[in-house]
Amino acid sequence: LAQQKTSGFKLMMTPKWTGFPYFELTGEGAKAAATELGDTLIYAGADHAEVSLQVETLQNFVTQKPDGIILAAIDGNAVAPVLKQARAKGIVVGTYDADAAVAGRDMFVNQLSYEQAARVMLDAALIDAPEGGEIAFIAASPTSPNHVAHMKIMTELSKTEAKYKVFSVVDTQYAGDDDAKSYDVAVNLMQAHPKLKVIISSSAVSAPAAARAIEATGHVGKVWATGFALPSAIKRYLENGSQKAFAFWDPWELGYVAAYAVHQKLAGKFDPKEGAVLDVPKAGKFKTFKDAEVVYGKPLIFTKETVGKYNF
Amino acid sequence: MSEAPSVAARPGSRNLVEVVLRLREAGVVVFLVVLGLAFGLATDRFLSVQNLTTVASSAAILAIAACAQAIVLITRNLDVSVGSMMGLVAYLTADWAATHPGITPVEVVAIPLMIGTVLGAINGLLVAYGRVPALIATLGTMSLYRGFTYIYAHGQEVTSSRLPPWMLSSVDARIGGLPILILVSIAIVAVVAWLLHAYPFGRRLYAVGSNGVAAWFFGLRAERVVFFAYVACGFLCGIAGLLYAARVGTVTVVLANGWEMSSLASAVIGGVSVSGGSGTVVGAALGAVVLATIDNGLVLLRVPEFWRMFIQGAAIVAAVAVDALIAEAIRRSTGGRRR
Amino acid sequence: MSTSAKRQLPLWEMALVVAILAAGAWSSTLSPYYLSVDQLFGSTRAFIIPGLLALGLAVVVSLGEIDISLASIIAVGTVALSKLSAAGVPFAVAAPIVVAIGALCGAFNGLLVAKWRLPSLAVTLGTMGAFRGLAFIAGSEVGYTDFDDVYLWLGSDYVFGGVVPVSLILFALAAAGVWFLMHRTGYGRRCFSIGLNPDAAWFAGVDVVGVKIRAYALAGALAGAAALVWVGQYGSARGDNADGSILFVVTAVVLGGMDINGGRGTLSGVVLALFLLGTIRNGLGLANVGGPTQTVVLGGLLVAGVLRPAAAAAIARLSRPAKTREARAQGE
Amino acid sequence: MPTVAAEPVIPAPILLLRRIGKSFGPVRALEDVSFDVRPGRVHGLVGENGAGKSTLVKIITGLEEADEGEVILAGRAVRFRTPIEARNHGIAAVYQDPKLFPHLSIAENIAMGAYPSGWFGTVDRRAMIDTAREHLARVGSDLDPKRTVAGLSVAEHQFVEIARALSSDVRVLILDEPTSALTPTEAERLFAVVRSLRDRGTAIILITHRLEEIEAMCDDVTVLRDRRHVATLPRAEVDRAKLVQLMVGRPLEALFARRERPTIGEDVLRVEHLSLDGVFDDVSFSVRAGEIVGMGGLVGAGRSEIAQTLFGITPPTAGRVVLKGVEVAPQSPKQMLARGLAYLPEDRDRDGLIMPETITHNITLPILDSLSHWTVVDRAGERRLAESASQTYRVLTPSVETIVSALSGGNRQKVAFAKWLATEPVALILDEPTHGIDIGSKAQVHAMVAQLADRGLAVLLISSDLPELLAMSDRILVIAEGALVAEFARDEATQESVMMAAARQRGGKR
């Protein structure tokens, strides 16, 4: 075997779409990791989440023969063919945020396992409404697998786990990561369910829009919004007291870890087998589960007291 | 020497045309009432004052955008950059407000209106003076404006905490129990309707769209009329963009994406003919209310999301078909020939 | 216009060829990877789906009509194919069925536009939503991915030493076929004559309604074929397939020199425009230029493409002072 | 050359036209036209179709720019940019075909461009409606000004147009064939208005093809021929014969050589009880092989509608059509062409030809299928056919690849002929085949039609040109108000008898 290279890799990264702060943060985190490790990282992508454009971007990546590709998949199956082609050329493929078909990538750096995500959102909901009540979901679309999984597990937990049994799930609506649509859906949900207590959204676009809808329609104190949101987007509502808690993780660090993982794999220092541990000195140690799923698993809950500490 | 008797031989046709033309908006209202009653029977949550207020608020901004679209449609043109104009206006305004903490309400209103007007004028130049077909010209500016928004934003969004608090609270305010947004929207639609109805400029819009050749015979400057229609459209998109930003709170680069189609759909449902010359902005605004009612009713009825898309599409086709029936009646009554 | 109107088009095609070469040369300086056979052939795959739509749209545009529902017909097609695949229908049977479903959707548009004389933009705006809604309603929420390899062959395989994508050959055949139809057969001639003057065409014995319906059906069928390629390329069938790609398609058709008012243009221009847009996007992509910049370039090209006749007319106006104002008023 | 009959009593001219010239691309529409128009007098303007009359109106009112010459109004050279400007200077016109805004009300159509203003610059609707009602009353119409224009009859359109022209302080009123769509009673009403205007000192230009109107109304007459000014004379100095001579350039007899007696065969086109609701009713006639059947009538009588119904443009509501012994129900031109019927439309530029296309493509459009092998158009054969056709019909053109819109009117008509005859029809309907084409081409067209009939074609010739109709036809049918009212054999027909029949009104008046 030839001598293993340990540095100077060429990494290419594409998010679902560029121009969205969450993904831009993951890109910056990844770039920081690459710089530290002596690699180069190129971050590019289309300006809207269209799978054919993402495939085109990946195709262009493959042509440029990088050592590693990092992506958040729009449609995990649709990108699989081009990813397989990349792997066949010896390129290491790592997904983050949203996974691709298992055969198409070497590892998936999962921000939170589906169950973790479901639990942290319910925990946030418990801060909002400790007495429980009706909850409704806003997801991006029925075709986004992680949102669908979150909703399924949350529904499950509200029936099985004592802590969460105070909640009953009454509705699910889709708003396609569109802020105005989310706003209208939130308003319509409050109309449709007069006893509604919490609106939970795993879309970082919908959660702030729901908070805004509650504030604007005079439902403050009666209905709560929660779910995943960037602290900057919901800071206002926490600070003015109209909302109590949201959840998320650190997207910058997620990107950092994803790039780190791909680098370590390239350098031969990390093999994403079940049970293997990825050691990222600045972020922590992360365990690998079945199907090369590396769980980052550091949920954050933002409240009025803590939201000021985050600058993203 | 035969016209008088031959017309007398087809009585009724002219009356039908007039009745239909006059009742076009009334027809939309009737449709709306029927829709409302249907939803009301299906779910008792629909016909509450509160829910109807909700529907009206949801429709409020779209109504303004539809109004903008209608002005251009009346001149027998089209603007598919409506959403992009709103997005660019909203982003630039929000960004300005976020970076200039001392900003006054006057500036917050003036900036988007100015930007909107300029964007509309660019469209107007291309279509009226550059003689570029409206669809193509505005498809181009649709990507140009949106692309510019992205490039300017650099992956940032303007979050609600960065906006002056009064900007958000002022759209939440209520007067006499009605959200101010609804009142503003009604006021704008009413003013525009009045301008189009009562002012020579408004009448020229209809004239140019009704019969371009006749407009030429009458000595109207069609270019100028079309240009100003686009300027007015941009101006209204400025208002709509500002209200949108204040309503949702978080201003992203994709703001109002796809609104070109919703505004077009509202106008068409509201009886504004894509062949020009007929329809009113009130109709277009009512069309927006129809769309919002469908949205709201289907959520209340828990109809799956996908049916909404289908029902809205079908509603558009139905509205166009009704329009064609009217046009056919006009054709028959004027003795115009078929192909 | 005068006699030179005809000779203008080849000129435009030449300009497109020059632009393609320039864009290619520029791309090769942007990226050292650009000039490889694999890359060049492989990159064409990104334009085959919009390309098939553009061929159909060009036929519709030659009539002076438009169809913005074509991308939604792809979604109908992919979902239909997923149903057939799930039912275990062999691909050889399923493929023609999907193409036929596309043709049916197109014919429905055509019926509304030609027979009922509804404005095509408004009609296809409606059916754009309705078709996609249907695709979503019919398809399951999460989409379908369990396609058999045979189903994927058309969109994912390569021939001739694994270099030339099968779908490229399909596109080449379709392009040649549509070119032949529009420029060599009576049908094409009738299409263009309808685009120039539907009344006179009808008086000359052209079955205007029939020709239009067939044009829409053809565009729909090509969208159905594009659905087959889609499934092959992406292995995934969902209601949101090909959402938002119609802008690119319209751009290609207009940049290719098709007059949006009908009656003029060539299919070779459209194919060249596809190549030009493809080359530019490929080059920008290899240079890792961001999506927004690409969007701006696309919009700019579109406006430039349509300002071309306007500019030509302006020049003509300057050089020939005598003009008919009425003719211009009628051109409105 | 421009001679103004100098009579000392007549008032000084208000409008002077000086050496006006105008071209539309290759088409010369006006050349060196000069004459004067005086207040308180009606100035007739006559000339054959295409003589440039309407173009002159457009130039005076600022719709078209003259290439040469000038318009002098009340001593000052003027060049209006829009008709609104012209109206502000007291010049109003009723154009040849009424063009109104169908979606707007009558009142708005009348006021367009000169709205009465009310509060804050709004349109004062009440004033607008009152004014409109007033003006309508002046032309003797009691139409409701609030009605939309869509739905008005042609005559009502015309009255709205005239009311519109009156709605400003007119010093010069131009009427371009105002009576062509009116019944005699309506026309009389209009002329009463014109007389009262004249008596109040308005200068009036009246364009008409009806020579009796010239006799009844005009004080002066200007004749245009072949785009040029021929003469301006006081009405007293001209009679009908002289007018015709001036317009046509030679005596009537010399213009139309009568056709030799033809040999006539079997019925080719037989029409039985054909009706189209509200347009024409129970029309029956037949045309035999080798026969030219003329169809006369006033403009708007329904001749074109009958022809177009036969050709399948508008399917009939009742009756049957028998072509070569086979019954057909006309549904579309495609079907009728296949059955051997061809129709040369009256509006050549709109319906007869695809103007931006080449001669070849125009000629072969109806017969593409027969020129194709396996759906592929034989382009060489197509060109050969076009070349031989354009030789046969003497189309003056550099090549058959020339765009039709670049040809002159007469040559366009020949291309249209070539196109229809390429379909090898058994029966041919010609609708105003010489409308708007020059004398030379006209004679060629006549010769061509005669030749076709001699070859055994059945020809139905619709023409508003009486001398032409009389000279060409073997038999003449007269249509009035959508009904076949008279039939004349070749030798019975005279201008007078045909006119009398054509002017018949329902109820037997006139």
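Points to keep in mind about this one:
Per-chain numbering from 1; labels A, B, C and D assigned in written order.
What we mean here is this: contacts are C-beta pairs under 8 Å (C-beta built on N, C-alpha and C of every residue); 3 or more make two chains touch, one makes a residue touch a chain.
Here's who's who by UniProt: B = Autoinducer 2 import system permease protein LsrC; C = Autoinducer 2 import system permease protein LsrD.
Keep in mind it's a predicted model, so treat the numbers as computed, not measured.
The chain with its Cα centroid farthest from the Cα centroid of chain D is A. Chain pairs C-D and B-C differ in how many C-beta pairs are in contact, and the one with more is B-C. Remark: chain A and chain D have CA centroids separated by 74 Å (rounded to whole angstrom).
Per-chain CA centroids place chain B at a distance of 43 Å from chain D. Rounded to a whole number, the gap between the C-alpha centres of chain B and chain C is 29 angstrom. Multi-chain contact residues, meaning those touching two or more other chains, occur in chain C at positions 199, 202, 239, 290-292, 294-295, 325-326. In chain B, the positions touching at least two other chains are 146-147, 150, 213, 215-216, 305.
The set of chain D residues that touch two or more partner chains comprises 63, 313. Pairs of chains meeting the touch criterion: A-B, A-C, B-C, B-D, C-D. Residues 23-25, 58, 63-65, 67, 311, 313, 332-334, 336-338, 343, 345, 350-358, 361, 365-366, 368-369, 371-372, 375-377, 398, 401-403, 405-406, 419, 423 of chain D are the ones that touch chain C when the two sit in their complex. Contact residues on chain B toward chain A in their complex (touch as defined above): 45, 48, 50-51, 54, 57-58, 61, 146-147, 150, 153, 155-157, 159-161, 165, 168, 171-172, 179, 244, 247-250, 252-258, 292, 295-296, 299-300, 302, 305. The touching residues of chain A, counted against chain C in their complex, run 12, 17-19, 42, 44-48, 50-53, 55-57, 59-60, 63-65, 75, 77-81, 101, 141-143, 145, 148. Every residue of chain C that touches chain D in the complex is listed here, in rising order: 1-3, 5-6, 184-187, 189-190, 193, 196-197, 199-207, 263-264, 322, 324-326.
Residues 18-21, 23-24, 47-48, 141-142, 171, 173-174, 178-180, 183-185, 187-192, 194, 205, 208-209, 212, 215-218, 230, 232-233, 235-237, 239 of chain A are the ones that touch chain B when the two sit in their complex.
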